[in-house]
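Okay, so chain A shows up in both of these, paired with chain B first and chain C after.
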Partner chain A sequence: MSGLFSVLWGPFADFGFMRRALVACVTLGMGAGPVGVMLQLRRMSLIGDAMSHAILPGAAIGFLLAGGLSLTAMGLGGIGAGLGVALLAGLVSRRTHLAEDASFASFYLTSLALGVLIVSARGSNIDLLHVLFGTILAIDGPALYLMGGITTLSLGLLAVIWRPLVMECVDPGFMRMSGARGGLYHMVFLFLVVINLVAGFEALGTLMSVGMMMVPAATARLWTRRLLPMMALSALVGMGAGLVGLLVSYHCHLAAGPSIILTCSVLYILSLLASPAGIRAGNSLSL
Partner chain B sequence: MLRHLSCLLGVWGVLSILPAHAAPPPHVVRAVASFTVLADVVAHVGGTHVSVTSLVPPDGDPHEFEPAPNDARVLRQADIVFMSGEGLESWFGRLAHAAGYRGTPVIVSNGISLYTPPGNRQEEADPHVWNNVANVIVWADNIRDALIAIDPADADSFRTSAAAYVSQLEALDRDIRARISAIPASRRRILTSHDAFGYFGRAYGVTFLAPQGLSTETEASAGDMASLITQIRANGVTTYFMENATDPRMVRQVAHATGAAPGGELYAEALSPPTGPAPDYITMMRHNTDLMLAAMRPH
Partner chain C sequence: MIQGTIGLDNAGVVLNGAPVWQHVTGHFAAGSMTAIAGANGAGKSTLLRAILGEVPLAAGTITLDGLHPRDFGYLPQARKIDRAFPISVADMVLGGAWHRMGAFGGATRALRQRAADALDRVKLGQQAGRMIDALSAGQFQRLLFARLLMTDARVMMLDEPFTALDAPTTQDLLGLVCEWHEQGRTIIAVLHDMHQIRRCFPHVVLLSGGRAVWGETARILTPATLRQAYDGMQPRWPDTDA
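Up next, the complex of A and B:
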C-alpha cells in the first residue's frame, strides 16, 4: 500500500516543480474545460486551434520587448493579439457575407505569418520553439498566479454571461428578436477563449494549449447531454489527465506536455468505446 | 528572359572557375570554416597565406543554422572548406546542394577518438570535440596537411605557424590541467544547460550535470528533471551556468529547487564577437576555465 502511495504521491511530495506542474494542470483544466464545452456546442471546436496561432505575434512582440521569456509581457501581448483577431473576425462576419470561420482563417494566418516574421527578424529559431512548445516543468510562482487569476476570471465571467450565452448558443434568432445584444456576449466569450489559451501556452506552448480545452470537452460530451454536468466532467477530465500525464512523464521518462494531452486522448478513446453515446450508439442505429 | 538569365549565369560560372584553372595556385587561400571556433584555428595555422570566413556567425549555434544567400556565394568561391564533422553541421549538406558546391570539405575531426555518452537513447557520438585542447591539436595537424595539399608553395610557412600554434595549445592544456587539479576531486562538478562539455569533463576530470540531453532540440521529461535535482542535492553543487541557446526556464527551475546561483556565461560552441570575453579559441578556453574554477572553489 505504501508502495502504491509512493508511486502516486511521492513525486509531488519530493519535488516542488512537480507540485507546481500539478497545480498548473488543475487550474488549466478548471478554466479551459468549461470554455471548451461552450466552444464545442457553438460548433467552433477548431476556432481554438486558430486562436492559439493568432496569439503568436503578440507573444513574440512581448518576447522581444522584454528581451527574453517574460511571462507578463508575452501573456499581455498574446491576449492583445488574440483579441484583435477575434474582434476583426467577428466584425467581418457580421458586416459581410463571409462566414465566421472563413474570416477567422484569414486573420489567424495573417497573424501567424506576422509572428514568424517578427521572431525570425530578431531572435533565432530556437526562441520561436520555446513559444510553440512551452514546458509545464518550468512553471514558477508568477506563472501560477497568472493562471489562477485567469481561471478565476473566466469562471466568474462565464457565470455572469451564462444565460444569454446559452441562449445565443441555442437560438441566435430569438436573441436578436428579443433585442438582446448577442454580439456582445459572443465577444466576451471569445475573450474567455483567448485568456484561457494564454494561460495554456505558458504551460504547454501554443501548439498544445488547445488540447487541454477541446479533448476533455469532447470526452464529456460523450457521457452527458446536460450542460452543467458536462462542464464539470470536462474540467475533471482535464485535471485528471494532468495528474496522470505528469506521473507517466515522471516514471516513464517521457516529455511532459505530450504525455498530458495523450492522457486526455486515451480518456476520449475509452469514452468512445464505453459510453452510451459512443461507438455503440452508432452500431445500434445501423442495426 | 529565362534563357538570357541562364546564359548570363553560365558566363559568370565559367568566369569564376577560370582563374582557378588558368593561374598558378593563388597566393592567399580562400578558406571557409563551418563555425567560429574552427575558423579561429584555421586562421592561426594558415597565417598570412589564408583568409578565413566562418559560415555560422559569432555567438551562433553550430547545430542550428539558417544559411543566407550570401553564405552560398561564399561557399562557392571557397578554395577549401573545413568542417568539424561527426554530425555537428547537419545543415551543411543542404547548403552545399543549394550552392552547387561540388568539392569535398575537409573533416578536421578525423583521427580523434570519439566519445559516445552512455545512457543516451540515440547512439550518437558527441560532436563537441574542441572542448578538449588535445583534440584541437589534432585539428591543427589536419588543417596544416590540408593547406599544404592545396597550396604546396607555402608549405614551410604552414608548418612553422602550425608548430607555433600547437605549442601555445600545449601550454594551454597544461595550464588547465594544473589549475583544475588544484580543486578537490569531490568539488569538480558543474551544472550547465548544455551538454557540450563531455570532452572537457573527460580530459580534465570535471563532472557536468545537465537538465537536457545532448542536443537543445528535445523536451525534458519530469523523470529526468527529478533525477537531476536529486543528484544535485546529493552532490551539493552551488553554481549553475546558462547558455543563451537553451531553455533558461528549465535551468532556473532546477536552480530554484536546489538553491544554486548563476555563475556567468560559458562559451561552449561559439566564439564571442571581437569585443566579447571569448574572441578566439585560447581565450575562450581560459574564460570557461576561470568561470568553472570560481564555481568549484569552496565558498
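Up next, the complex of A and C:
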C-alpha cells in the first residue's frame, strides 16, 4: 500500500515543481474543459485549434519584450493577437462571402508564420520549443496566480453569459429576432477561448494548450447528453489526465506536456470503446 | 394608420448584388392574418426578416406603427435550428420568455408554470424533461409553437410552420394560429400550401418576379397569378423546359 502511495503521491510530496504542475493542470482543466464543450457544441472545434496558433505572434512579441518566458507579457500579447484575429475573421466573414472558418484559417496561418518568424529571428531554438510546446515543470507562483485568475474569470463569465450563449447556439435566428445581441455573446465566448488558451500556453505551449480544451470535451460528450454534467465531466477528465500524465512523465522519464495530452487521448479512446455513445452505438446516437 | 399596422412603402431588398424584390407597397393591418406565398427563392423569408429589421432595405421604408421589437414573435424554419444541442424541452420553451427574463433574469415560478401550460397546449406536457434531439419532427414543431406561445407577442411571424408535418399535427397547429388570430394578434406566415392559404388566410402577399401582389386571398390567388408566380421560375432552370 505504501508502495502504491509513494508511486502516486511521492513525486508531488517530494518536489515543489511537481506540485505546481499539478495545480496548473487542475486549474487549466477546470477552466478549459467547460469552454471546450461549448466550443464543440457550437461546431467550432477547429476554430479553437486555429485560435491557439493565432495567439503565437502576440506571445512572441511579449516574449521578446520581457526578454524571456513571462506569462504576463506573453499572455497579454497572446490575448491581443487572438482577439485581433477573431475580430478580423468575423469582419471578413460579414463583409465577404467567405465563411468564418475560412477567414480563421487564412488569418491563423499568417499569424502562426509571423509568430515563428519573430521568435526564431530574435530568440534561440530552445525558446521556440518553449513557446510552441510549453514548460509545465517550470511553472512558478505568479504563473499559477495568473492561471487561477483566468480560470475564475472564465467560469464566472461563462455563468453570466450562459443563457444567451446556449440560446445563440441552438437557434441563432430566434435569438436575433428576439432582439438579443448574439454577436456580442459570440465575441465574449471567443474571448473566453483566447484567455483559456493563453492560460495554457506556458504549461503546454501554444500548439498543445488547445488539447486540454478539446480532447476532454470530446470525451465528456461520449458519456452524457446533459450540458452541465458534460461540462463538469470535461473539467474532471482534464484534471485527471493532468494528474495521470504528470505521474507517467515522472516515472517513465517522458516529456510532461505531451504525456498529459496523450493521457487525455487515451481516455478519449477508452471512452470511444466503452461509452454508451461510443463506437458500439454506431450511428444510432448523435451527440 | 391604425396602431399596430406594419406598412411597406416602395420597399426593396438586394442580396449579394441581386434584387430579391422591389417596389413592394402594402400593409399588414393590426389583427390581420396574412400568408406570404411564392416560389422557392422569391424572397418570402427575406420579407419576414426585412420586417424584423434583420435584412437592410435597399430602397423604401417599413413602418412599424406603435410596435416595439418585443411585440414580435418569430417561428424560424425548423431546419435552421441545431437539434443536436443538449437542451431539454422545458428549457427550450423558456427561451420564448427572453423579453421577460433577458440575458440574466431568473425563470420565476410563474414563468415555469406558463412554460408548462404552453407545452400542455401543444400536447407536449409529458415531454418536458426530454432532450430536444429525442423529439420527432412533428413534436419538435409543436415545441417551437410552444416557445412562440411563451413570447405572448402581438405579431406572430411564422416561417414555413407546417412544412413536412403530418395532417393531425398540421391541423392542431393551424388551430393554434387561428386561435391567436381570434385573440386579435397579427399573423404573418410563409406558406406553400395553396389550399391551406385559401381555407384559413383571408389575405395573401404573392411574391412573383421580384414584385409583390397584395390583397384578399380570393382575389389574388387566381390561376393566372399562380401560373405567373410559379411557372415564371422555370427560365432559371433551362433543364426543366424539356
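In the analysis below, the second predicted complex is superposed on the first by the 281 of 287 C-alpha atoms of A that agree within 3 Å, B and C clash if a C-alpha of one lies under 4 Å from a C-alpha of the other, contacts with A are read in each partner's own complex, and residues count from 1 in each chain.
Simple rule for what comes next: contacts are C-beta pairs under 8 Å (C-beta built on N, C-alpha and C of every residue); 3 or more make two chains touch, one makes a residue touch a chain.
All figures in this text were calculated on a predicted structure; none of them were measured in a lab.
On the superposed chain A, the positions of chain B and chain C stay apart, so the two partners fit side by side. Seen from the CA centre of chain A, chain B and chain C lie at an angle of 150° in the overlaid model, rounded to the nearest 10.
In the superposition on chain A, contact is made by A:135 with chain B only, not with chain C.
In the superposition on chain A, A:160 makes contact with chain C only, not with chain B. Once the two complexes are laid over each other on the shared chain, residue contacts for A:41 go to chain C alone; chain B is not touched.
After overlaying the two complexes on the shared chain, residue contacts for A:226 are found with chain C alone; chain B is out of touch. Of the two partner chains placed by superposition, only chain C is touched by A:176; chain B is not.
In the overlay built on the shared chain, the residue A:97 is in contact with chain C alone; chain B does not reach it. Of the two partner chains, chain B is the only one touched by A:253; chain C is not.
Our summary of the superposed model lists a minimum C-alpha distance of 39 Å between chain B and chain C.
On chain A, the surface touched by chain B in one complex and the surface touched by chain C in the other have no residue in common.
Against chain C, in their complex, chain A makes its touches with residues 41, 43, 97, 160-161, 163-164, 166-167, 169-171, 173-180, 185, 225-227, 230, 286-287. Across the complex, chain B meets chain A through its residues 60-61, 64, 66, 216, 218-226, 229-230, 245-250, 252-253, 256-257. Contact residues on chain C toward chain A in their complex (touch as defined above): 16, 52, 54, 69-70, 72, 74, 76, 80-82, 84-87, 91-92, 95, 98-99, 101, 103-104, 131-133, 147, 151, 157.
Here chain A touches chain B in the complex through residues 11, 14-18, 21, 68-69, 124-126, 130, 133, 135, 137-138, 140, 246, 249-259, going by the rule given at the top.
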